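Order of writing sets the labels: A, B, C and D. Residues in every chain begin at 1.
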């Protein structure tokens, strides 16, 4: 194969640049075409090298200039890495030039020449193996860039450019000192010969190597000596920002990658250290940032910091280094370019004003893609890279590094998701929509698609990534493409798809997984049926709902921990989009996402610890973790608890569930929360189930569950919002489940699983019904409803059965869980937890009565006189679930016996004995069916007696009540619905102070204050920035010689 | 705002208030009871008539007593279990509290107080009855389950007593609601009240405590009388 | 000689840095930068100097044997040429910026250009 | 024992309990009268009231829930009776154990709420504001009462290692010294205090404060509904007393013993009520969170080690 030598990139670019210079401004139109042609030529050259090197058609090739061999001449190396990096740079060059078409044309041929020279220099910087050559072209690049910065009009761009010149001037001076002294000490400027001849640099040579490396590190705008860089990001044309972030930073990073070898591995640790300071520091400082381009600048610096960490750890990462580095690099490169370009299209400075993006919904999709790629969500390459990075770091015992990296990532997620939240849900009424130029949107679209493609191709490259099941994701993608169809068709496709999938999947699952898969899939189908009630297109709903279900089923089917985590993150992303669809759910979506990401990071670390010392990634490694087992299991549990909303990690739930759409609330409450329970079950099985050595952990978990149950129920009592009430109730119910599981006995688990099924059934019923009622009456506030039993009797029946089941009153199914719990508690000896549970049960009656009374009973409001019964599409799933509750209530043994058999696998001791329909435990017995028959029988007898004695009961209307001789004036003043439990509140208000929320608010506030105070180092004065650079070098040197 | 506009506005306001005064004089309808419009969640307008919409308002029917011995047995139970509504309508209500004291102790006769008309079967109209209270009495009386009994206390309920020419009290109670037992005096002492209870019990046991049916039978007549005197009628014809 | 040149080079660098860090006037800062640059160039040349060596031109005086010990190292001299060119470019661009800045705010005080911070 | 014999005994037992409940109610009124220096009602007054109430001629209904609310209430009472072993005869299958299946304590605890919840729904549909207020108070007080009560119940369950009421009674046979009252004094003390709340007499009768909220939940109920509720109330009072008797006071081996013991238990709450004025709801809730709760904790702590 005949390859075009990379030297032609330089030659052609320079030639064309001169030619264009000669042309001058005479041929404006053709000059731009020539520029594009030149950049395309560069791209073709590098891409053909990528192809040739990747397929093994050719070997890495050295290109010698001037006919001498190094060290007497400059040589270029074209290896696989170089070819990929140059390809990336050149692609961004083409796209960027296209994106900046208007600006480049307007500013004439000169700007185009400079643009071309910039990319030529970036290519050379990557390819060259000569230190001085690298210096020269770095300088050429920065001069070119300084020329391009000024393309943007205004003082800001000018002063930013000057600061940039000043800073890079000083930095390249430092670099030059380093280069000249390394030449002095090694007699060579060629990187390869320096490395081969001087494996360990000492003293003077070491100092000069340090200067070279620190200069490159500074070129990468390391925190905190990076004010000049931030200014450039903020002030320059968005296209320049994209080039800086995607192309320039990539090239400079590669330079660092090349030259770090000259110091051997002596500086690796410090590069990681600088990297982590950059990553954590700039992500933390970005918290207070409101200017979108500057925010992106902070984020870019953070990402480069992460890449420096990876570089520093290349000895530990071994052969994974390239994979991890490219994973992060490519995601960052594409996403950041896309975001910068987007910012040029949206044209809003303040991130709050990005709400205008929503006026063109496909831009939201683009923005979401970039942001989720940046914070490392699947299916983007950064997800796999981050996974591998954490696995390897934990495996090598660098836990504190993992913590720092994850903290930094967390901060990045905070501001990124917040920004995205503003875009989805912020106020946008007063902001003018933006124009879309096709030449601007095409590059953005290309990088967005490239992200997905990259993710798809990166996944199989990790050893365990091959097993990921992409079929559900294809389905999601298909639904996304079909999003223009009306609801009815999409809903049918979704339901059929899920049903088929469940049909094919369920034979392969064991009982445990089958239970959860059934909850996810059957529950999913039932809640989707409710979707028929919606009219129009319901744009964007089906892709995200199915994304969540795809994640859920991936969790169940996971054979490896990577698959599990992949599913977990997919589910998180899907549910986030679902939740944030609600009208007022911006802050709640954010907090949901942050707790989810925090939990996911805990999970990631835990899974990493499980993997430590093991070759395999199979789910089996959760059993008997040997590396820091307490921490590992603790982190796993914390990760899962963030999803079950245990006390302390619960503050996202009420808002998220309460403000979500009517059919989304049951999805995220009845179904999604069970994913956390599934995880806890897996962890507890991993801890050894009956023979656990970690009973302290289980004990703490049990207490947490009990207190969560109490707190959740207590908070539910004082809610005025029907859906929030149910949401708090979910917190409480999940507390029960956690307590049951934590008991680690047969009965405890039986009770826990009984609750899992029950909670799914009745919470789905309640949320669906209340959601449907809310759709009809148009408010969440219970005190604005009332008397709806007359208008919606079927909904009332559903809620009544739901609350009786929830409250655990016999004969309905909730009692099964209660009965099992008390037996388990006596068995286990957790008496106080049991008493707290019972008390929370008593409190539950209060909010349940409140729910049904204030909504359905009492006085019908005037404006609800004509409301219709809830939609038939809600009634179908509701009554299907009710049938489930009734079957479970009448024949509990049908459910409990198989459950018991399943649990006996892990807890063979203390099983329930079944004699016919009677369950016998050590402490008592319970005949579910007989009790139900007895109660129903006596109920009917009494009812018949009443009917016989009051044959002629006169039906009266709502104000036909005794009102002390008066008549009520209005339903609103007659309906006792607001602040109903005032007396209880007076007695128990200390327990309702939202301490947890205050704590998290305080944490947030402190972090933001730190960010606010720290970022004042960026005073805006160019001299200060130079001082930062000098100090950075001095401090780094002191740290290095001192450490 | 120019002076002319101001004057126009003032005139308009004056006219409006005059119209309101006229309207009020005509119907005595409290503004709260006027017809109003509310907006349903789906945006449609619902007209609300506060006087009739909220109430069933169906006319009462005569309830036939059971036959023979059963009715006698039930009447005995009713007579021995008189639950009096705790509603003091006039000055005589001061005579009722002594009945629960050790000195008079009405409980031994099976008489006790009940706070809600739904659970009472006897109603003491204690003395003069203003028109304003009459409306409440009618409403309360109609809300009591049948069979129900009325004891009228003092001369005011018989012929108006010392308020015979008052503009604001009624003269004869049984023009408006049927009375079972009149207890004369101004005021009758608690002993007289106890005697009244004894008389009522006798009547009930004899099967003569059927005034509720009489009310139903002559409903239109009673209603006409009531409506003649109560100007601001803001309730349905029958309060269930 | 060598040591004096070395010290001069470093001194110029430090003086230049001092100028950059302490002077408020942009033109003075650019002058400081030029000093810094010049110091660098001196340094480069000094590093390549070999005591008693002649100019690195292969002529009859130097001969063809044992050349390396007779002439000063030619590489730094080549480098310094490039460095000077680059330094010139940078300085020129900086001055261009200074002009633009003056046009924008009628001020050459660098602390007047703090529009962007934090 | 055949099912028919069982049914017969159960119905007979129910009749006894109902009438005993009425008589207890009358005695309560009588005692109240005597405390006030009055003669008081005749002892047969409750039956007359019942008769009168179910013989009203007109009945209203606010809707289906209103209609079946009293049914729930009465079923709650009857069910509690059915699930409670009444008289201890030495065998689970004895004549007076009803359909208790050894009497599971948890079932009884949770079934208590059945009637309350149904009644709350019925009263709610009545649409009367006072009903709602009464129920809100009742539920709050119920939750507060149940906390110390549950601690005591769990303590007793730990003591006898069972939740079966029958077994708990059986274990207390053989003399007064075997009663939980003496073997587990903390639990007993907790129950004795907490049951004041469960019985709902003054000072814990804000739920149906007659002159403030027109007897609360029952405001809108009349006639037969009221009759049902009175019957249910009577049964529930007896059953509460029987529950405490079974748990703390050694159960009963015959009806006489049952009547004597329930009388004493019931009148403990009555006498307290005669002396103390009514608590506000926040006062009553905090009251149960003080001494009774502390005693309840002690009752469990002594078994935790």
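By our rule, a residue touches a chain if its C-beta (ideal position, glycine included) is under 8 Å from a C-beta of that chain, and two chains touch if they have at least 3 such contacts.
Because the structure is a prediction, the values reported are computed rather than measured.
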item: A-C or A-B - the one linked by more C-beta pairs in contact; value: A-C
item: Where chain A and chain B are represented by their mean Cα positions, the distance between them in whole Å; value: 68
item: Whole-Å gap between the CA centroids of chain A and chain C; value: 50
item: Centre-of-Cα separation between chain D and chain A, whole angstrom; value: 53
item: Chain C-chain D separation of Cα centroids, rounded to whole Å; value: 98
item: Residues of chain B touching at least two other chains; value: 116, 118, 240
item: Of all residues in chain A, the ones touching two or more other chains; value: 954-956, 958-960, 962
item: Chain D residues counted as touching two or more neighbouring chains; value: 58-60, 214, 219-220, 223
item: All touching chain pairs, where touch follows the definition stated at the start; value: A-B, A-C, A-D, B-D
item: Chain A contact footprint on chain B (complex, rising order); value: 32, 36, 38-42, 44, 46, 48, 50, 53-56, 58, 87, 116-118, 136-137, 139-140, 143, 234-235, 239-240
item: Touching residues (chain side chain A, partner chain C) in the complex; value: 132, 136, 139-140, 143, 146-147, 150, 154-156, 158-163, 165-166, 169-170, 172-173, 176-177, 180-181, 183-184, 189, 227, 230-231, 234-235, 288-289, 294, 1015-1016, 1018-1023, 1026-1027, 1030
item: Touching residues (chain side chain C, partner chain A) in the complex; value: 13, 17, 20-22, 24, 26, 29, 33, 36-37, 40, 43-44, 47, 75-76, 79, 82-83, 86, 89-90, 93-94, 97-98, 100-101, 104-105, 110-111, 113-118
item: Chain D-touching residues of chain A, taken from the complex the two chains share; value: 787, 789-790, 793, 796, 800, 803-804, 807-810, 815, 818-819, 822-823, 825-826, 829, 831-832, 834-835, 838-839, 841-843, 845-846, 848-850, 852-853, 857-859, 918, 922-927, 930-931, 934-935, 938-939, 942-943, 946, 949-950, 952-956, 958-964, 974-977, 980-981, 983-984, 986-988
item: Chain A residues within the chain B interface of the complex; value: 776-779, 862-867, 954-960, 962, 965-971
